[in-house]
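Structures incoming, each one as structure tokens.
You will see chain A twice below: alongside chain B first, and alongside chain C after that.
Now for the complex of A and B:
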């Protein structure tokens, strides 16, 4: 990266460090932080949308729909989440390939499950075996995003379902007295008011989501955990210009600090959002704000 | 091979007894049930020991966080923040590599780099931090009347803590603590995915489940089996904690007792 980096053996400690920390692999490591942030930026709204859909479905008066919603919420109880992650990735992958297989190879006569193998025709591989590396990477990233969204959608659905029921009954009755239909009551009264009840749960969920991003590593994405292990391992002079011992401990210390800082910032921001949302609400928090002003 | 034979061979495989080689072909349902169940021993070991040891540290930390002098309060707050604010996965990795480095310093740290002790220490600290937060919340919501009554009876210091504050704290915190216990057991599945090696393929339930999923390319059998075991485990924990809850609240009329409600969501 820097012009003085041509011969690492001759460098002083500080310059060596500067060169070492700007090698191509380290830049990949820094991009991986970006990957984590992008994952969060995509997953959070998607999961919220899933959760909203799930909670609305669970409240529905149509029985199959409400069973579907309640089933979705219930599925996350009692099972370790990491098992979900491992399960969904393979299940999604195979589901996609199976569907594409039915589509592109209709006259395939062999069974797809042959003992221990899952075989689809070459043209039905997702992504195609011939496609470039970046397609594979993007694909695995989006499978990961989708998996996160499904799992966290179920959590969010649970929170939102509770929040929708926490909106005071009197508010809904007033809306009905004004002649609003069910749909109007839902969109104009329930939804705007539920957020203040949902926010403690959702902010908790956000913290959990941040802390679950290292699981990307288990889903086969080259994320910060992958690079920290890769870069920290002992390097001999034979393979690199920057030999060093086992530094994985320090790399993971950096990750630890990164997550702590991220959590702290989120806490501060969410506290402000909560203060803003409580403004003028008929809750103890809202009353406290009113009294503090008076 | 009959199923009883499989259970004889693999029932304690996760501890290193029985058949040395894991099944490689022709996986039967019985093998999957047996091996995943055998792995569950580790989950119970990690969860139970961390929970019991963590309980005492958590009480101390909760008191520390509520204490007035800054030199007690600050360290407790930081301990809780560090362990609650970072992913357990990263904590495992960091601890594992830390112990590896310490191994070079002194042979005392040798056992720490294997899962049975190293991961246990991390889980112990982690659950202590989470439980301390729950206990701290409970300490803050002890009714003032209870403490005033204790003062009126002339209790103070240790007797007041042991006979009034501590039992009330436990009563208030118990529903939350039950959930913490459940998710601690779920978190134990992370151990063998985070650096700590499974020596001679002695792993926990998820380790074997993913072994089968890898070998058969079929996630639809081992993971539901794992889920089944964990649902059983969750029910058992709820049952035990429910009994303790009853004992804690035995002086109250039944309708005033606090029910334990299961709350999902918590990846650490």
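Now for the complex of A and C:
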């Protein structure tokens, strides 16, 4: 990076550190922080959408839809995350390739499954084998987002399902007395009021989501924990210009600070959201706000 | 008619792809000197140099991909990359799931490294990387096996006293022992395991395997493979 970095052996400690911290590998490490933040920023709303759809389906009066919603919640919550991540990603990838294969290579005469191997024609690969590396990276990133969204969506669905039922029955009866249909009651009464009951559960989920990003490496995305382990490991002079001992402790200390700071910021933001949602609600929190004002 | 044109186009597409095929090379990137990430964050090491040379001889375009050791075989068979070139020893168990080229490193020794010379490797706590032939050997030897996901962690466990000794490929351990300044040393006898290191491919991918097989053979014949082994593993390394 810097011009004086050509011969690290001769550098003073400070300059050596400056060069060391700006190697290509370290830039990948810093870049991974961005990846993690972007992943969280996309995954959280997507998972919430999955959760909302799941909870609405589970509450539906149409039996198949309700079973589908309940099945989704029960199955995904029951399967261990790691098993789900390993199985689902490969299955999703193969499913996509299978569909594309049927479409672009209708004349293919060989079986797709040959023993352990999964074979589709070259043109049906997702992404194509000839695609540059960034396409592969982007693809695995979005597979990761989708997988996270499904897993956390199931937990969010369970939270929202409970929250919808926690809205006081009297509110719904009043809505019905005004002649609102089921749909109107749901959108105008249940949904606006349920968030205050859902937020404690959802904020827990958000905290768990923040800390589950190391699972990313299972999905082929190099995250901050992967790079911290890789960079912190003992390096012998033969294979690097910057040999050092076992520095994993320092790298993980950086991660600790990052995660703690991130958690703190989340807590502050969530507290504010909670205060806003409590306003005017028939809960102890809402009542306390009313009394404080009076 | 439209369908005919589409089909022809698809066929032409597949045919041209067959010619300018990009081969994705899967490796771990955490096992120097076999493969590791250099300061720039690129794959480097013996297998990088070997793989690039093999691709040149086989007239293939190659791209390097790193992956976790645990998932390296499942990702190969499901087609996320086309070869494994990651210091993987040829064993009968692995051969049931994937295919190997001929070996490009002769059957090499595995060795124990500990922090003191008086360790009895038959009864001590031995660390090894999970899902390796070394881990299998330790499990059978009667010693207590401590498994880790990466090679780096197996050595670190000896340094911090969690394990008495680490059992791994000797070529991987030699630089570590030399650089440790006497803190680590070889203990016990070397053990011969496996049938050498080869490239792993899908069993159905015989054409690609033959190409790499021929390229490895040509490097064995003109002696460049031995030069490469000596360059990365030192004078004492076994050659062909």
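Following the convention adopted for this analysis, the second predicted complex is superposed on the first by the 284 of 294 C-alpha atoms of A that agree within 3 Å, B and C clash if a C-alpha of one lies under 4 Å from a C-alpha of the other, contacts with A are read in each partner's own complex, and residues count from 1 in each chain.
What we mean here is this: a contact is a pair of C-beta atoms (placed from the backbone, for glycine too) under 8 Å apart; a residue touches a chain by one contact, two chains touch by 3 or more.
Worth saying up front: this structure is predicted, and the values here are computed from it rather than measured.
Superimposing the complexes on chain A yields a three-chain arrangement in which chain B and chain C clash.
By the touch criterion stated above, A:28 is placed in contact with chain C alone, chain B being left untouched. Contact with chain C, but none with chain B, is seen for A:123 once the two complexes are overlaid on the shared chain. By the document's definition of touching, of the two partners only chain B reaches A:155; chain C does not. When the shared chain is aligned, chain B comes close enough to touch A:264, but chain C does not. By the document's definition of touching, of the two partners only chain B reaches A:82; chain C does not. Contacts of A:218 after superposition on the shared chain: both chain B and chain C are touched.
Within the superposed three-chain model, A:256 lies in touch with chain B and out of touch with chain C [touch as defined at top].
Touch criterion not met for A:206: it reaches neither chain B nor chain C.
Once chain A of one complex is fitted onto chain A of the other, the partner contacts of A:246 extend to both chain B and chain C.
In the superposition on chain A, the residues of chain A touched by chain B in one structure and by chain C in the other are 86, 90, 94, 116-118, 217-218, 229, 246, 248. Residue ranges of chain B in contact with chain A, taken from their complex: 25, 27, 81-82, 85-91, 93-94, 97-98, 100-101, 186-187, 189-190, 193, 206, 209-210, 213, 215-220, 223, 226-227, 230-231, 234, 262, 264-268. Taken in their complex, chain A has these residues touching chain B: 76-83, 86-87, 90-91, 94, 113, 116-118, 154-155, 158-159, 204-205, 208, 210-215, 217-218, 225, 228-229, 232, 246, 248-249, 252-253, 255-256, 259-260, 263-264. Contacts from chain C toward chain A in the complex involve residues 7, 10-11, 13-14, 17-18, 20-24, 29-30, 32-33, 36-42, 44-45, 63, 65-68, 71, 74-75, 77-80, 82, 97-98, 150, 152, 155-156, 159, 175-176, 179, 202-205. Residues 23-25, 27-28, 86, 90, 93-94, 97, 104-107, 114-123, 125, 128-130, 133, 136, 217-218, 220, 222, 229-230, 233-234, 236-243, 246, 248 of chain A touch chain C in their complex.
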